[in-house]
Structure formats: structure tokens, C-alpha cells
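Next up, some structures in C-alpha cells.
Both complexes shown next keep chain A, but they swap its partner, so chain B is in the first and chain C is in the second.
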Partner chain A sequence: MLSIVPTFAWLEGLAWTTALRESPFGYPLIETSHVACIVLFAGLVIMMDLRLVGLAFTNAPLAQIQRRLFPWQMATFVPSTATGILLFCVDPLRYYRNVFFLAKLVLLALAGLNALAFHLKTYRSEGWDEDPQVTATAWLAGAASLLLWSVTIVASRLIPNDWFK
Partner chain B sequence: MKTKMFLVLLVVGAFCAVQPAHAHHAFAAQYDPNKPLTLNGTVTRMEWANPHGWIYMDTKEPGGKVKHWMIETAAPSQLARHGLKKADFVDGMTAVVKGYQGKADPGLANGRTLVLKDGRKFYIGSVGGPNDGAEPQ
Partner chain C sequence: MSQAFRDSTYLFPVTQALHILAVTVFVGAIVIGDLRLLGWGPVGQSRASIARSAQRILFWAGLAVLVTGIPQFTTNALTYQRSWLFVFKMYLLAAALLFTATVRHRVAVADEGRLASWVPRVVGAVSLALWMCVTISGRLITYYG
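Up next, the complex of A and B:
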């Protein structure tokens, strides 16, 4: 089997990843930005999800809420991901075999697929927004999103604990 | 109304600022505060790294057997604030580290103080360790 370890070792040994790993301010700045962007992103996603499951903004049309929140969700998702990739590059050999990190990747993929399915199918299907009562598929997308993003955040928070090596 | 909101935010902000910057994982999750130890040995390598530094140290067991230690330190910014430099670590130098034993891994420790061969003493602990007086006042 082709091993990815040499690639990660090479990445970890690069001048810029080493500089970031040893930096007094660069790393904490990226780490803090990562968390701050995720907090903003999660908050924006949760508001949309709460509308989908019928707990918030129930008197406003769904499409309107979606239209207003979506650009902000993307504006916080992009820097969250970029800083996340940077943090991984700084210490790839530590993360790639961390159980919680791997769980986080799987959960991220699931949350992403759920969002994608909603945006490409439900959101574009006709009449999904007209009824004040949300369609079952839309409700399910919101509930799944709430659950998946919450668990993703919990898994992320556990990454620093190298309980299983 | 606005003034009230501002005051609330100010108070909340002040509390956040007073809270010491927390280490990214709890001391108690990995280290045993009831197992203090003093390690006297050879520093084979030092990883001056975020989010924690690591001192790799070899000590001699009573029987003469060499034991390898992996000692967690604070982040580079904190080590630097306490006067340490990356250049203070030379592979093969002797040093004394006081700290606490890891819970699961017998070769794991959390460093609190470091004494170099020239006698200089540094606090190397991360925030969140036990209140044992090692932390500079």
C-alpha cells in the first residue's frame, strides 16, 4: 500500500510550516481565527436550521431567510476551512492518525453532503417555501444539519486529547 | 438601551479577559496532579512547537537502564515570555525538569520548571496545571 506518511513528513519539514509551528504569534493567530470563524459559521447555520425545524423565524418565508444567511455562511465557511487546512499542514503527522480528527473529517463530509442535497434538490424543488409548514425533507435537512454540525464541533474539540494513539 | 447593552458587553468582555488563557486541553485529562516527579537527565531533543513544546529526555533508572521521557511544555510564546529561547536547548545537554507524570503513558510528563546546567531556572508549565507554587508570581 502506498503510504501517505512520507508526504506528510515532507509537508511538516517545509520552511513555512516549520516557521509557523515555531512562531510565537502566527500560530495562535491562525488558531484563534479558526475558532472565531467556526463560531460565526455555526451560529449562522444554526439559525437556518432552527427555521427549517420550525423553532425560529416561523413567520418569515424560508427562502428569504436562506437568501440572507447564505452569503454570510459562505463568508465564514471559507476562512474556517482555509485556517483549518493551514493548521493541518503545520502538524500533519500528529493529526492524520488522531481518531477525533478522522471522525471530524467524516462528519464534515456528511454535513457537507446534507447541505449539498438540500441546496441542489430541496431548495430548488418547486413550492418548498410557500407553505408555512416546512416540507418533511426540508425539516429533515435542518435536523440532520443541527445534529451533524454539533457532533463535528464536539469531535473537533476533542482532537487535542491524544487518548488513543 | 444602547448604553445598557454596551455596559453588559463591557462586563462580559472584562470577565473573558480576566480568565487566564486556557491551555487547549485540560491538564487533568492527561496528567496526574498526585504524581509529581523530578527528572534529571540528558535532553536528546527539544521541539520548540505550537500548540505545545516537547522536551525529549533520557534518564537513568536505578538499575542503570535508560528511560525515555516526552515532556510537554507551554507554547513558544509562553516559554519566550518566561525568558527561554529556542537556542537555550542544545541536543545532549543535561537538565533537571520538575513536573507531573502522565496518566496512561509512563514515559509522558507535564513539565513545570526547567533548570539548565548553568543554574538558570525557567517556568515551562502550561496554564491549567496544579497550583503548586511553581508558576512565577
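Up next, the complex of A and C:
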């Protein structure tokens, strides 16, 4: 069977990934940037989710909150992803079989699909933003997003623990 | 309690994970207010309305941050006490809390016409910078503490 391990081994052996892994500042600085970007990104996503489920900012129209937060969510999503990919490249063999890392990938895919469905469907449907009452599907999208991102963050922080080797 | 945290394999890491989750929610509620103060957030709403709604989130998320943060400290209190980054983070935290409860709160709930337009902008920028520095220094304790 074709294995991806040699590719990861090659990636790990590259001069620049080795340099970053062995430098006392390389990995910590990328990792800290990753966390700083995620806190901003997920923090704003969660604010939108809390609005969707009706727990906060309920006197602001949904679409208005969404429209004003979306550019900031995107602006922090891009560096979050870039630093995340970089972190993986620096130490691929350490991560690719880690349970929490794999769970994180699955959760990210689910959160992404949920966000995509919300943006393509609910968000574009006629007059959804004028209704002061959040539609049931929008509520569900918010609750799902809240759950998925919370679990993603917890799983991510657990990656350094090799509990299930 | 500290002994239980030292003995268990799972308790400490799970507390760390819940701590960063609580921090994320807390910072989210700060940032939505700061963006509004900067004039970039949900400007259709008044600064006061956003601040009031965010306040409840700040209270509950802040409580969760403390509940998950304090056991981390007491478990290794002597190590943390010697960590310059931890001490630095605590001073930053005190400054950020003080600034948020006084200046930022006053500006957020003030009549919008009464303040020069640069005032909320500066306050929003300072608040954002302070809270991000608290978050970043907290993360760095793991590496350089």
C-alpha cells in the first residue's frame, strides 16, 4: 500500500523545517502566533454563535452583526490556517498519528461544512435578517458551531499529550 | 486539590484545555466591544448596547477562566512564582482588568455625542493590545516560563 509516511519523513528532513524545529524560538513563536490568531478568530465566531442561539446581542439584527464581524473572522482565519499548516510541517511525524490532531482535523471539516451550509443556504434566504426571531435552522447552525469550535479548541490543546499511543 | 492535580494524568491537561476555551470566549467578548469602539465592529448598534450585552459573557467566561486558571497555579505554585513570564502576565492581567472596569467601561457607556471621536478609538486599541498581551504571555509560559 502506498504510504504517506515517506512524504512526512521528507518534509521533516528539509533544511527549513529542521531549523525551525531545533531553534529555541521557531516553534514557540509560530505556535504562539497560531494561538493568538485562533483566539481572535474563534472568539468572534463564538460571539456570532451566541447571537444565533439568542444568548447575547439580541437587540442587534442578526445580519448586521454577521456582516460586520465576517471580515474580521476571515482576516484572522487566514493567518490561523497558515500558522497551523506551518506547525504541522515542522513536526509531521509527531502529529500524523496523534488522536487529538486527527480529531481536530475531523472537527474542523465539520465546522467548515456547517459554516458553509449556513452561508450558502440560511444566510442567503429571503428576508432572514429582518425577522427578529431567529429561524430554527439558523439557531441549529449556531448551536452546532458553538459545540464544534469548543470541542476543536479543547482537542487542539490536548495534542501535546500522547495518551493513546 | 493541588495533590489531586499532581497525581492525575488527565486533570491538569484537561484544565489547561478548558482554560484556553474560556479565554477564547472572554477575548471574543472583549474584541467585539473593542472593534465597536474602534468604529469597525457592529456600528449599527450603540457602543453601550454592545458593551452591555458583552458584559454578561465577560462575567461568565471570566469566572470560567479563573476556575480553570487558579488550580494550574496552585499545583505548581513555587515554580510559577519564580517564572518571570507568569509574574509579568499577572501584572498585565491586573492592568487589563483595571483598564476595562474603569476607562473602557466609562467610555463604552458614555453618551456618544459627548466624546471626541478619537477617544473611543484609542480606548479600543489599548484594550485590544492589553488583552492580547495577556493571552500571548500566558501561552509563552509553557516555553520560557
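For the reader, a short list of remarks on this structure follows.
Note that the second predicted complex is superposed on the first by the 165 of 165 C-alpha atoms of A that agree within 3 Å, B and C clash if a C-alpha of one lies under 4 Å from a C-alpha of the other, contacts with A are read in each partner's own complex, and residues count from 1 in each chain.
To be clear about the criterion, contacts are C-beta pairs under 8 Å (C-beta built on N, C-alpha and C of every residue); 3 or more make two chains touch, one makes a residue touch a chain.
Note that this is a predicted model, so its numbers are computed, not measured.
By the touch criterion defined above, A:150 lies against chain C but remains apart from chain B after alignment on the C-alpha atoms of chain A.
Look at A:23: by the touch rule set out above, it reaches chain B but stays clear of chain C. In the superposition on chain A, contact of A:161 is made with both chain B and chain C.
In the superposed model, A:46 lies in contact with chain C only, and not with chain B.
In the superposition on chain A, contact of A:90 is made with chain B only, not with chain C. Once the two structures are overlaid, the count of chain A residues touched is higher for C than for its counterpart among chain B and chain C. In the superposed model, A:32 makes contact with chain C only, not with chain B. When the two structures are aligned on the shared chain, A:72 is found in touch with chain C, with no touch to chain B. When the two structures are aligned on the shared chain, A:64 is found in touch with chain C, with no touch to chain B. Within chain A, the residues touched by chain B in the first complex and by chain C in the second are 28, 31, 160-161, 163. Interface of chain B with chain A (complex): residues 24-25, 29-30, 48-51, 75-77, 80, 86, 104. Per the touch definition, chain A reaches chain B in the complex via residues 20-25, 27-28, 31, 90-91, 160-163.
For chain A in complex with chain C, the residues that touch the partner chain are 28, 31-32, 35-36, 38-40, 42-47, 50, 55-61, 64-65, 68-69, 72, 150, 153-155, 157-158, 160-161, 163. By the touch criterion stated above, chain C contacts chain A in their complex at residues 9-10, 13-14, 16-18, 20-21, 23-32, 35, 40-45, 49-50, 53-54, 56-57, 132, 135-136, 139-140, 142-144.
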